[in-house]
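Take a look at the following structure, please.
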Amino acid sequence: MSESEVLAYPEDSSAAEFEDRLLLAERTSSEINQAVLQPMFRTSWKFWALVIFLSLLVLWGLFAWGYLIYWGMGTAGINRPVYWGFFIATFVFWVGISHAGTMISAVLRLLKADWRRPITRGAEAMTAFALMMAGLFPFIHLGRVWKFYWMLPYPNNRLMWPNFQSPLMWDMVAIFTYFIGSTLYLYLALIPDLAMARDHTGKWRQKLYRVLSLGWRGTEAEWHKLHRALSIFSVAIIPIFLSVHSIVSWDFAVTIQPRWHSTIFAPYFVVGAIYSGLAALACILVIVRKGMQLQEFLRSEHFDALGKLVLVAGMAWVYFWFAGFIVEWYGNEPVTRELIHEEVAGSLAPLFYLQMSANLIPIVMLIFKKVRTTPWLLLVATLLVNVGMFTERVLIVVGNLQRNFMPFNWGEYSPTWVEVSIVVMTFAGFALLYTIFSRIFPYVPVWEIKEGRLRYTVRRIGRLLVPTAAEIE
Amino acid sequence: MAEIEPRWVLIVDLDRCTGCQACVVACQAENNVPTVGEHETIEGRWLHWIHIERYWEGEYPNIKARFMPVMCQQCTAAPCEPVCPVFATYHTPEGLNAQIYNRCIGTRFCGSACPYKTRTYNWLRPEFPEPLHEQLNPDVTVRSRGLIEKCTFCVQRIRRIEIEAHAQGREPVDGEIQPACVQTCPPDALVFGDLNDPSSRVSQLATSHRSFKLLGELGTDPGVIYLKGGETNV
Amino acid sequence: MSENEISLVALFEKSTDTAKAIDDLHTLGIPDDRMVVMTDVPYPEQALGRTREWSSLPYIVLAGAIVGLLIGLFLSAITPHLYRLDVGGHPPVGFPPAAVITFVFTMMAIIVSTFLGVLWEMDFPSFGPAPYHKAVTDGQLAILIEFSPDLDDKVNQVLKANQADYIGEPEMISL
Amino acid sequence: MTKRVSRRDFLKLTAGATVVTGLAPSVRRMVLEPYVQPPEEVLPGEATWYASTCRLCPAGCGIIVRVINGRAKKIEGNPHHPLNQGKLCARGQAGLQILYNPDRLKNAVLQSGGRGSLKFEPLYWSEALDILVDKLETLSNPNRVAFLGGLMPSHLYKLTTRFLSSFGSSSPIIYDLHSALEGRNSTVQLSESLFGSPELPIYDLANAEVIFSFGANFLETWMSPVSQSHAFGTMRQGQLGGRGFLVHFEPRLSATAASADEWIPIKPGAEGYVALAIGRIILEERLGQASSHRPYSILYQNVDVQEMADASQIPVEVLHRFARIFADADQAIAIPGGGLAGQHNGGTSMLAVQALNLLSAQIGRVGGVFLSQPGPTAGFRQNPNPGSFENLSILIERMKSGEIDLLLIYGTNPVFELPTSAGFAEAIASVPYVISFSQFVDETAARADLILPDHTYLESWGYEVPAPGAAKPAVSSQQPVVRPLYDTRSTGDVLLAVAERLGGQVANALPWSDEVDFLQELATELHGSSLGAYDAKTPSSFWALWRQYGGWWTEKEIPREPDISTIVQEPIPVSEPVFDGEENSYPYHLHPYPSITLSDGRGANLPWLQGAPDPMTTVCWGTWVELNPETASSLGVSEDDVVRVISPHGELEAPVVIYPGIRPDVVAIPVGQGHEQFGRFAEQRGSNPIALVASITDPETGSLAWGATRVRIEPTGRKKSLARLESLAGEGRESIG
């Protein structure tokens, strides 16, 4: 294309139609810096109120946990045969949530989808915190938390060695790996922005950023190596995130418990995880955008794209759910039949239909661009998805344990205040961590946006001005 | 020790069983199984290692009830064993499904994996108000809360007899080793012995046309063999 | 840098100017390794006409992967024999469990080695005083040049000719 | 008590240590010794087994107790004992928890705050005895003292009767609910009238081909459940190829009925009709060994099969089938059980059933009916045969009318065990002084002024003649397996001490220094008998063996054929059952049944038994009301709905169990729960159906007709979940195919 047509910012009025394109917005580098930094300093009383409220919920949850540890698992609603309850269900849910981070930043980075740029950090942070919450549950679930280290493979005076055939061992290792991976990933991509923050803040923040940015100067060499590292990460973390939820699914699938013992569980769980994860990300973005006035960076184009992704994931989930359900229904094996009956017509029916509607309605909603681009509608849709997916986890874990081969030993389950408090604690804890994170670290990855802006120009095709990405990186 | 390891099996003759609960209490007394009280039982947290299931068949007035004592089936291919992350349950050479209390960290994975649901978990601190603790059998660990327990075929009694026998320079004779439930069973519905000893009573009973295994279709190959009721033995 | 050398920092607005300036400096005989370019955006290689430098990161990662693989194999396939407990109907070592453990440990090693590798390559953390200019994170492109005093005027000319906003002594900032 | 090891003890100890059976005797008296110098058969950490006798029901099974470091750890059946042959029931297994029960009385106490105040003040035994002696001496007339006993060891019964007769008062009145529910009294009377000897017959179940059980829960609580269950096992799969056939007649499908091949939900009180009809048919059609029928034709003179069929609501052809089954069998037994005795027409029904055995000539035949052979044990046989409810009512009347100044109560809990309508609570209130020998503060002890707790059976001496006996004449011996835990005292010793204080003919009648002397004297009567399974050179070594074996029994079985010379010469009357409560206002029959775990309620304070589920409903820790599904739906109640059961004499509330194995016109409630006092595990738990029962008696036998009360049922609209092992969702299915 000829020099005349390549314009950083189109002078002519027709440029207005591109206003909504973040990567073409008329902004200088320092303006962008400020746009990212300012919201971090803005902490109204509302912010503190929120922090206090969340902290109280967490404290109450911690009390409940202490109560559980002191008195034993008998204070929870679980029993024989429902040995696993809310805790495991919520564990699966959080692990699921954690999957969006990598989905966004790794997969989309590889696919060079530029709309990802402003939301990658939010997604990665979500992954890290969701995993922290998930990681609590194995401890809580044990009751005697202090025994957990018996699972660690190190030579010890107890002459004990863990059993690597146990899915719980796989779980432990895989989730640990995923946690390390996603945190380091988050951190690496954060370094240049920390340097930026270092250069534009003072007092304790400046000290903190200085330490964390490790002396980043933005030399070509640094950029080049960082890029290298990030691309390796994005490739390496994808199989990890696939393996993590597959392994979680195998906690159930390796048993011969009807409706657990299923080969489709691994992909089914992964897809479900992506579905709930992306939805959760969408909620969070809508909320954070409101809370931090980030309309500048989180524009309808992003919600639109994210919404589409949720839509796709949702349809995939339906497909996998159906693929599993149809064979179980058709096979008509007695216990499975009983379990399905319990779900669709028995005591679990309310949960089941809640799950189904909460998972299916959003898919229909998200078909419409209006929904995808209107924040509050998107919030409704994606919140629904998370309700649905949480219910689904509960149904899978609890529902299927209530029935087994021996009718004499069937059982019922309902959570106690202890379980509910602890589950709420993890939600509050997640929100708390996330809120604080958003005020301490640049929530929007500045350098990625600037990099994106490098790529974008407007090109005239006939009478039309078209935003065009240059093939760099 | 014998050249070939014994394979301990328990025969349950459903034609003899009268559902009298003697085995249930005997087991509790022998193995220090705590009583959990009314509330916990309602919650479905009772701890009996052996329980007698009662099945209804038909409608009044042509109705029948059948009893079936169910305890840990000591499976050869035990679904509960591989899933334990800390080897708290594993398979002994003599075919016992061992549960090692001081290894167990309480993931309850084995409980979810067991198709017979015969593994019980200590939900709360077991209580033996003074002086009831005097009844505790010194040969059996008193379990704390937070771990899984189950029928052991009274392994402590197996060992006791073996040791006594070997001290006298002989092998235990068939029928000498009796778990508490077998020892007390009034109608002799329970028989315990070594399946690898072709002359043992269990080996003969196991070949009966009445014999079947619980959930045999799952292929867990239990060490408990049931004899169907309502038929003659030939 | 040796005593009799001058070091300058020049800030530019546009990448094109920067590239031009670098070329000119090359013609003045200042080699690449005497120049450092600092930006707030990762410019593609050669965008500023600089030679791409060699990175050992892939080899570090590869090494890490192999170590991880070996650890995974050791834990999942060797230790069960050293600590033999039989579980119902399973061999002491089954392929699927071993595969899972080995895979996960390999991936863990890859991740960790990548991170440590890149830090090592950038010899981070380096908080010590280093020539730097805060304008960089505000979008300015900075060139840090070291050259012998006799080239002083020429260099300044070249930089000015390429619309350098600022030319001066680099301040040593302890980052 | 002596505080030193006497020479006799020493001999016993050594004798104990030298016996190969491993069944060593324990020390005789409380000898306070630290374990640094233990009795020599005690090795720290080494188990010693002591033989004794189970006292949780009247059966008298032999037990061996595993004792480690002076603490009893496990009770098992005595493998040498001819009655239970090493087997034991749930209750027997739980005996340890009587010994170690946290709610035991630790010493003699005076209820200082007045009766029912539960304010107890500890007493020294000397003081306690002073009070007892004083109360006896100050009696205006020896007949103003009454001794009410229940389950008491034979030797204590002997001592008590001796004591009372020498004192000039009437012999103890024996009554307990367990025996009443078994119909012991009626059964004894029956065999007295048929075989001329007042004892419980033995049914040779093991060799029976066909068993017709009429309300006899012989696999649960009736008579000698352990030996009967053992025999049942043999009957089922014992002989190669042979498998006995069991038919059970009862309004409710009990655990025994569940083990039967056929259960006939018979109309309450109609058991006799069926028996008569079957007998009549056998006669008419000359089934089986027609030769043996002749002498009995008279019995069935005025029996009309069709009438019987209508009355019992069992079709004639079914009756014919049963008649054929019964008559064609080589060994067929008909058992008249407790269910019959609990009816207004109990006596005649039981006679009708027993007559079937006469008719099929099963008396004294293998697989038939026997009496236990006393052999050399005759001297031991003065069993506390439970008296009839009528005798007790007389006592109650006397108490009410103030003819009793001093009431002594041992081994029974009448306040709990008697129907409210019997008015015992009021009666006891009008007795000036009440002394209980109970180890626990039960409802009756709570109404006593003075409690002189006896040892538990694992701490005390005694013997018991098993009744019904075994094929071998046998006596079970009882000895302490551990030193008494607390400052309790054996009631035998108390009586002897009192006798000594009283002096005169009482002292002469009871010359023994303590009960052990008495027992030793008695036991060594058997020394030198050629029939014994063992014998010893010296009396003292015999005494040691007597305790090591846990009793004495003959080497061989000595069957005793009942002589039926005193044959009833008039036809068996057909008597209508009478029920208390108007049919249309009280539409359902109340069917209380003894719990297989708690029996008549004396097991209710043992956590093991509370925790052991009822075999049929799998419920534990509570009381429930069993309703036929049809009845339930007509009342509009479902599982766990609390209903109010109302009889003319009282009411109770309990959750419903929908029970497919019960007549729609019958409501079954287990006995055993509903204690107001009896320790932490029993108190304020469930309710007691016996309280609802009308105190009408069977005119024939004078036994309480506990099954002859009608009730009405009202839903309360409340729900209370029962502690069930079974999942209701499972609907009692074995598997879902």
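For the reader, a short list of remarks on this structure follows.
To keep things simple, chains are lettered A, B, C and D as they appear, and every chain counts its residues starting from 1.
Throughout what follows, a residue touches a chain if its C-beta (ideal position, glycine included) is under 8 Å from a C-beta of that chain, and two chains touch if they have at least 3 such contacts.
Note that the structure is predicted; figures quoted are calculated from it, not measured.
With centres taken as mean CA coordinates, the chain nearest to the overall protein centre is B. When the C-beta contacts at A-D and at B-D are tallied, the pair with the greater total is B-D.
In whole angstrom, the spacing between the mean C-alpha positions of chain A and chain D is 69.
Distance between chain centres (mean CA atoms), chain B to chain D: 31 Å. The mean-CA centres of chain B and chain C are about 65 angstrom from one another, to the nearest whole unit. Note on chain placement: the centre of chain A and the centre of chain B lie 46 Å apart, centres being C-alpha means. Multi-chain contact residues, meaning those touching two or more other chains, occur in chain A at positions 161, 163, 165, 169, 405-406, 408-409, 411-412. Shared interface positions of chain B, defined as residues touching 2 or more other chains, are 44, 46, 53-55, 79, 82, 84, 87, 215. Listed for chain D are residues 725-727, 731-735, each touching two or more other chains.
Contact between chains, per the stated criterion, is found for A-B, A-C, A-D, B-C, B-D.
Here chain A touches chain D in the complex through residues 334-335, 337-338, 402-403, 405-412, going by the rule given at the top.
The part of chain A that touches chain B in the complex is made up of residues 71-75, 78-84, 141-144, 147-148, 150-151, 160-163, 165-169, 172, 251, 254-257, 401, 404-406, 408-409, 411-412.
Within the complex, the chain A residues that touch chain C are 28-30, 33, 153, 161, 163-165, 169-170, 173-174, 176-177, 180-181, 184, 188, 192, 195-196, 198-200, 210-211, 213-229, 232-233, 236-237, 239-240, 243, 247, 446-447, 450-451, 454, 472-473. Chain D meets chain A in the complex at residues 725-727, 729-737.
Of all residues in chain C, only 85-90 touch chain B in the complex they form.
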